[in-house]
Amino acid sequence: MIQEEIKLRVRYAETDQMGFVYYGNYAQYLELGRVAVMKKAGVSYRELELSGIGLPVKDMNIQFLRAATYDDEIRVMTTIDTMPTNRITFYYKIYRELDLLVEASTTLFFMDKASLRPLRMPNWVENQLKPFFN
Amino acid sequence: MIQEEIKLRVRYAETDQMGFVYYGNYAQYLELGRVAVMKKAGVSYRELELSGIGLPVKDMNIQFLRAATYDDEIRVMTTIDTMPTNRITFYYKIYRELDLLVEASTTLFFMDKASLRPLRMPNWVENQLKPFFN
Amino acid sequence: MIQEEIKLRVRYAETDQMGFVYYGNYAQYLELGRVAVMKKAGVSYRELELSGIGLPVKDMNIQFLRAATYDDEIRVMTTIDTMPTNRITFYYKIYRELDLLVEASTTLFFMDKASLRPLRMPNWVENQLKPFFN
Amino acid sequence: MIQEEIKLRVRYAETDQMGFVYYGNYAQYLELGRVAVMKKAGVSYRELELSGIGLPVKDMNIQFLRAATYDDEIRVMTTIDTMPTNRITFYYKIYRELDLLVEASTTLFFMDKASLRPLRMPNWVENQLKPFFN
């Protein structure tokens, strides 16, 4: 298992007229969470793309339990709980202090950016992730 | 059952550097789809809010099957397939011509905007929706 | 001179907790306005990019006179008032019915997408635009 | 004069298919910059709004000199250079390391959120700002 937590502050731009974060904007918080957990494993998403490999999202499931509001400091805890194969499933919990605001998961797959076809997980990514799962 | 289809054209702003629509931006397309299906039933989301009632999203599930690209004309087909109670579940299919790009569902609930507490479905909304289900 | 008007409806996602369209989101409306005026001249922005040429924004000036709100139908009137050289300046007025909401201008330049260097206006674009200015 | 610098990392969501930050998204960076400079003066934007006062943007001028790309760490340096009256003008410079990417200014005014009418600068805000200008 590998897990990482990041802290964010809600931007004004991210709210909507209900006074809360617009539901679609949580996708950005999840993105930041999974980038952080990959970085913890030594995998830079930026470098992955520069090497010609994309990691598009295949599906997203998200439960909104409590709403985040402007200027809240929130924490995104992201987990990969089993060694990924050609797909990676990320689990997320977003908190404001001790309150759980959001639970989510996303599955992503490796894709060749030139051909837009699915790829096996690159060896160097596998080698970075393996030590966290055994 | 009630169903409505809308057409949209993908904005440049909605793409990301992968060259496709950013996965979080589909939430906006779903929003436009459900507003349209509600309008078909005679329920204006704008008026609902002006009457003091919000309709926040409780959960979203979304599968990304094919990617939409800049300037694509896409169709969002939105369905409510059973008479809602205090929650409404919307089902969505997003197409580009005959290709299915996205399948999704969201559940929303009625909320008193002042107290932020869940509400029963307003009578006038129920009366608008009922004729579509029997 | 070449001029085109488009109609848009304000999305919920575009509002912020002040209850109006977030000021940064007007940039998207301007984008849609200039794409439309280019299309009127027979220049598809999509095709321009596919031919390897980008059209990045060099500067933007925008005055917010009145605020747009959720579900408003707004009109973006976009004008190119002198024959562009290697840069194109677009002027915009955004209206809700007869009320002027926003006045803006942006200057864009042609860029080679591979080298990221400025380019002269492509001949085919020049030929499309010329008939509107004399 | 009062000045504050913040650091940000460019999100994937903020890029567009040109491979750079979408021009409209810089407005969010400016927002974060001015919130930070106000906070340095002891003025919380969140509290300002809770007290019934909004601070909408009246105009924005922005020059894009170099493009920011995904995962760049950028710095937003925000300055108020003369004591504000009923309007506040913020000046911004956005850097990536030593490269100047963006220069911008925005003017905002105080507004009563209930009546949507312009307001004089609240006394407590004036008192917080005054020590920085003399």
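As written, the chain order gives the labels A, B, C and D, with residue 1 at the start of each chain.
The working rule: a residue touches a chain if its C-beta (ideal position, glycine included) is under 8 Å from a C-beta of that chain, and two chains touch if they have at least 3 such contacts.
Computed from a predicted model, the values in this text were never measured in an experiment.
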Over half of the interface residue numbers used by both subunit A and subunit B, so same, or under half, so different?
-> same
Subunit A to subunit C: how many Å between their CA centres?
-> 33
In whole angstrom, how far does the Cα centroid of subunit A sit from the Cα centroid of subunit B?
-> 24
Just give me the whole-number Å value for how far the CA centre of subunit A lies from that of subunit D.
-> 28
What are the residues of subunit D that contact at least two other chains?
-> 12-13, 17-18, 20, 22, 24, 27-28, 31, 49, 70
So what shape is it, when you link every pair of chains that touch: line, ring, star, complete or other?
-> complete
Contact set on subunit D toward subunit C in their complex = 17-18, 20, 22-28, 31, 49, 54, 56-64, 67, 113
Within the complex, which stretch of subunit C touches subunit B?
-> 11-13, 27-28, 31-32, 35, 44-46, 49, 70-71
Where on subunit B does subunit D make contact in their complex?
-> 12-13, 15-20, 22, 24, 69-70
